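Read through the structures below before going on.
Next come two complexes, and both contain chain A; in the first it sits with chain B, in the second with chain C.
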Partner chain A sequence: MGTPDASTSEQSDLSTSVMAPTTEKKHRGLLQEIWHNFKKNRLSLAGGIIVMIAVALAVFAPVLSPHDPVKQFRDPPGQHSPLPPLSRSEEGALFLLGSDKFGRDILSRALYGCRTLLQLATGSITIALALGLLMGGVAGYRKGSWVDELIMRVVDVMLSFPTLVLAIALVGAFGIGKTDIGPITLSNMYKIAIVIAITYSPAFARVMRGVVLQEMAEDYVDAAKMSGGAGWQILTGEIFVNTIPPMIVQASLNMATTVLTSASLSFLGLGLQPPRPSLGIMLNEARDYLFGGAWWYPLVPGFFILLIILGFNLLGDGLRDSLDPRQARRTQL
Partner chain B sequence: MAVYLLKRLLLAVPTLFGASIIIFLLIHIAPGDPVRVMLGPMDDPALRAKIVHQLGLDLPLHEQYLRWLGKAVQGDFGISVTIQRGSPVLELLAQRYSVTLELAFLSTIIALLIAVPAGITSALRQNRLSDHIARIVAMVGVSVPNFFLGIMLILIIGVSLHQPWATGGFVPLSKGLSENLIRMLLPAIALGTAYSAIIMRMLRSSMLDIMSQDYVRTARAMGIGWRSIVRQDIVKNALIPVTTVMGNSIGYLLGGSIITETIFRLPGMGRLIIIGVDRRDYPVIQGVVLSIVLIRIIVNLSVDILYSVIDPRIRYGAEGE
Partner chain C sequence: MSRVFRWESKVKYSRLLEISDLVTRFHTEEGVVKAVDGNSMHLDAGETLGIVGESGCGKTVTALSIMGLIENPGRIESGSILFRGDELLDKTPQEMQEIRGKEIAMVFQDPMNSLNPTLTVGDQIDRVLDFHTPLSRTEKRKRAIELLRQVEMPEPEKRLDNYPHQLSGGMRQRVLIAMALSCNPIVLILDEPTTALDVTIEAQIFELVDKLKAQYDMGIILITHDLSVVANSCDRVIVMYAGRIVEEAPVIDLYEDPLHPYTRGLLNSIPQLDKEEERLPSIPGEVPELINLPEGCNFSPRCQEAKERCPHDDPPLVKVGPGRRIACWMDNGA
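Up next, the complex of A and B:
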């Protein structure tokens, strides 16, 4: 009596156990697929950890900083700022990693500098992503139309400028510092974020267009069209959701260069303005004190910038390899 | 071949045209009166009228653009307003480009000197210790900002080791080649390091790609020595994509030289644009940006054409479209 039951249940067990991995694999989304490949790569995991540390330093900068980053301490008698690591101000404040030319604590300024740098880079990349989604989305959805042609021409033109050069030119047009556009006053930080975003948006637009074209070939778009959905509804409702994972990957691939561009602008005196703590400005200021032997002055901010960029580069490399397993097999350490 | 060449040329023209519109508009994007912005406290009616006339700001926008473009095509990039009032921008560019192009050239040589041996060794010894080390060093090399590297070079060689040539500053070629070159050494290293890492990574991956191809296996099976395969086939073929990457990197070199010139106090076009932005000298900013975009488009075009000469498949592919 029980035998046939048992055999069917055994059979069904067998079939599920055989079927399970394939269905699981089939249903694994792009992000899960990437994560699966990604965690095998030790170097990119290291990159992820570095990025997490940098983000933690930035988020907890107010807690971790030993001093107020803009407070100017008095020099002890007979000594002049910048003071070397482990020295003390007249008030007795300890400078763990030294002080800068105004007697401010370098460690505190560097931690806050990480914070502003990451804020700026994340803000820029978010705006660039939004612009790119819009431009690439419309171009892809209206493929072959004059809108597509126009948007992609503009993208081509913008890509003919080296990123840093375009950013410098835009800062040159708007001027350094805050900008008034009609009734709106744009703070310097927002202005720079927008400038950097403009320079990175064409690359996103190009990727987005490709992704949209790929999605448009899928059956679900035809189904939505046949069930009478309006064009913009299909684009915003159906296609858009599916473009998010590849675009997020694209954004993280661009983080390292965005951080570099942000820091470069500040270093050139065209980005963030003093007294705001910025790693780029600290490095620029340090140039005047090199011959006094103030080695800690450039070393601390430079090391932080290097670490952040290295982290994002390792992370990005890992992501890129996870997207292209053929490449991954070759480059894995 | 001629068809392909013409096609590539025709594609470059609208891009350059579009870029010229953006560059022209730079002066008008900023809210407010550009002349007041440029002159600042020096603003006086006589000077203002002269500059408005010089820049053609009294004309309608499209006429301004056509006038500006027409002059630019003839090599007239306008007149500097605040940096060196009255000097033609083209003259300023000509003085400064010699420094920037020398820097870019020397950086490329240094990058190749590091990248080619490192890339070849790394590919041939894939996944051995020397490969791991080379790749980690390359990763750090890509990640180190050139302004940090430049400052550390000055600090270590110039300050700690007391080498006067390593402290920045420029000696023109006319004052002696060796003096000029030694001053350019550190700037070229600062700019060339990240560049070498880019080239090395590309060379390594394209060599690995070729090494896994059938014809390499066939050649080995035929008993041809490995060394001669590496020299004759692998390295030669791997250098083709590397050339493209190098051509595309001209933007990196020109952008990077802006920073390198700032650190080492070199009077190149990078310094010029920074001073231009600082003093709001719009014609100078426009001239520098236009020249950079022009150089970039020309170099990319040349690389594309060169590439199609080396590798005919590309040409036929494009013509078949």
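Up next, the complex of A and C:
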């Protein structure tokens, strides 16, 4: 063929791209691509909406709550707390979803409970993700070295404990009150977040290590070495961006179990402490009334926990499918 | 800045690479793989050296040895690689890291997978610049556009923000070449740069490489298994077989008068349009496993002209003419 000028080279370049699955015509950005895949799946869209509703309830809890969540109202004459939905206190306060055994508004407490639960879960997932990325990234990049061995054996040991048992043990070690570490005072909430993060970080570390190993086998890593990248530059600059999609999926799937663990700790009296509104504590208090006719008492916090977990599970599944179709097929096998 | 530096250095060293008696082996569980077995070669400024051979003959391992990227269980056992008079094998890993990409750059076989799928073209060029230069953001962007223009990428400003999956194979190879050129390398190693591409794109890429060679005044090592590629773009050719150099010749001499039986076999197996042939002749047999090489000449079991001594004595690589070396008993005056 003759000397190629710009136009002929583009033409022939286009002709080869016909074979490639993504043609130039669509020209969608990465995020649009993900959104396009995501919205095709109805269930995951529903999950996303549920999560958004839960987050909105949590964020706007102070506005949405009809009453102060810790205020104890007096029982009207002739009636005893817990009061059924739509009843009124002696002061005339309306309990939309009933009151608890101390005469507090269940709806307000549940909304604030969502708030603390989501704060706790998000905080601990973030810390767990950071710890996991660090441990798994280093272990994967230094595969076979003593660092890898050390990290992965610690991870193995931690994973061999049931999550809740490990969390209870850690709470036992750290206590449930405030702790002063030098100038920093860790409140109960921060401590629980850290405890949950520690119990979940091994799972992230293991996934991260696998992803890093997989990416290290790719040619672009060799290409980066050939252009003179240092080990840490390649890990942080080349490999790390490619681990984000699977790690997001992992985080959103783990979000559901983190919510459950936080609620369980509170239920056991090892998490947030009363009178702080917490869905776990509410369930614990409602235990005595399970068969006593006060059906609304356990139902409301239970429903909110269910909603949040369901939402995150659906969302996580959907994200997995849309971020990495290959991964989805692999996990189905 | 680097321009001046390079101009001075070029006056001093027209010989860019001088490899002598390089031995690279892989100590695997099955045995010792003699991937590169005592080879010597050199590369001068402004020339293109072709290294030809079947897969597994040690071409890529030679390139990786130069780059200092032989990984476990491989080891460079002996020999020397002089880069502008400097011994590369004595360099620390940090020093080699400085050289890689800046002084000696390499373009990889497969343009489909050699680009990071989650970074834009611009980001990837930026990263190579980050490895070796202190350029600012805007300077890097300017340089990236300049590079893409040099590799004749259409609409370089727009392509900068594209992801690799939005580019065709030819365009990706252009990006990889741009990345390799980003720090003005002195030696450019191209490892089968067009194997994954269409023939038309292949021609374009080689024309581009030729142009850039003159522009940057680099020495190029072109690794390929395709002799027709060599004919068009190389000045000098080294033919390798089972880890050893069997023939070295200026490109015209090699095509007009191939001396080694293996080279002749390779040339015969190129389809020719002006000859009507029922069947394309091929070299019988396969490349021997590098773990247990035959005694004597490595090629003797497949050689149709093998003599009595061939399976017993190893032929040395001897000079037979200006710029010509051959490892064969037959044309050796033996």
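The rule is short, and it goes like this: the second predicted complex is superposed on the first by the 271 of 333 C-alpha atoms of A that agree within 3 Å, B and C clash if a C-alpha of one lies under 4 Å from a C-alpha of the other, contacts with A are read in each partner's own complex, and residues count from 1 in each chain.
Assume contacts are C-beta pairs under 8 Å (C-beta built on N, C-alpha and C of every residue); 3 or more make two chains touch, one makes a residue touch a chain.
All of these numbers come straight from a predicted model, not from anything done at the bench.
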item: First, second, both or neither for A:179, with chain B first and chain C second; value: first
item: Which of chain B and chain C A:85 touches, first, second, both or neither; value: neither
item: More chain A residues in contact [chain B versus chain C]; value: B
item: Contacts of A:242 with chain B and chain C, given as first, second, both or neither; value: second
item: Contacts of A:226 with chain B and chain C, given as first, second, both or neither; value: second
item: Contacts of A:274 with chain B and chain C, given as first, second, both or neither; value: neither
item: Chain B versus chain C as contact partner of A:218, first or second or both or neither; value: second
item: Contacts of A:210 with chain B and chain C, given as first, second, both or neither; value: neither
item: Set intersection of chain A contacts, chain C complex versus chain B complex; value: none
item: Interface residues, chain C side, partner chain A - complex; value: 67, 69, 97-102, 105-106, 108-110, 113-119, 127-128, 130-132, 152, 154, 163, 165-171, 176, 179-180, 182, 197-198, 200-201, 203-204, 207
item: Chain B - residues contacting chain A, complex; value: 14-16, 18-19, 21-23, 26-27, 29-32, 37, 127, 132, 135, 139-140, 142-145, 147-148, 151-152, 154-155, 158-159, 167, 205, 208, 251-252, 254-256, 258-259, 262-263, 273-274, 276-278, 280, 282, 285, 289, 292-293, 296-297
item: Chain A residues touching chain C - in the complex, by the definition given at the top; value: 1, 3-4, 6, 9-10, 12-17, 20, 22, 24, 27, 30, 218-220, 222-230, 233, 237-238, 241-242, 244
item: Residues of chain A that touch chain B when the two form their complex; value: 43, 153-154, 156-158, 160-166, 168-176, 179-182, 256, 260, 263-264, 267-270, 280, 283-284, 286-287, 290-291, 293, 295, 298-299, 302, 305-306, 309-310, 313-314, 317, 327, 330-331, 333
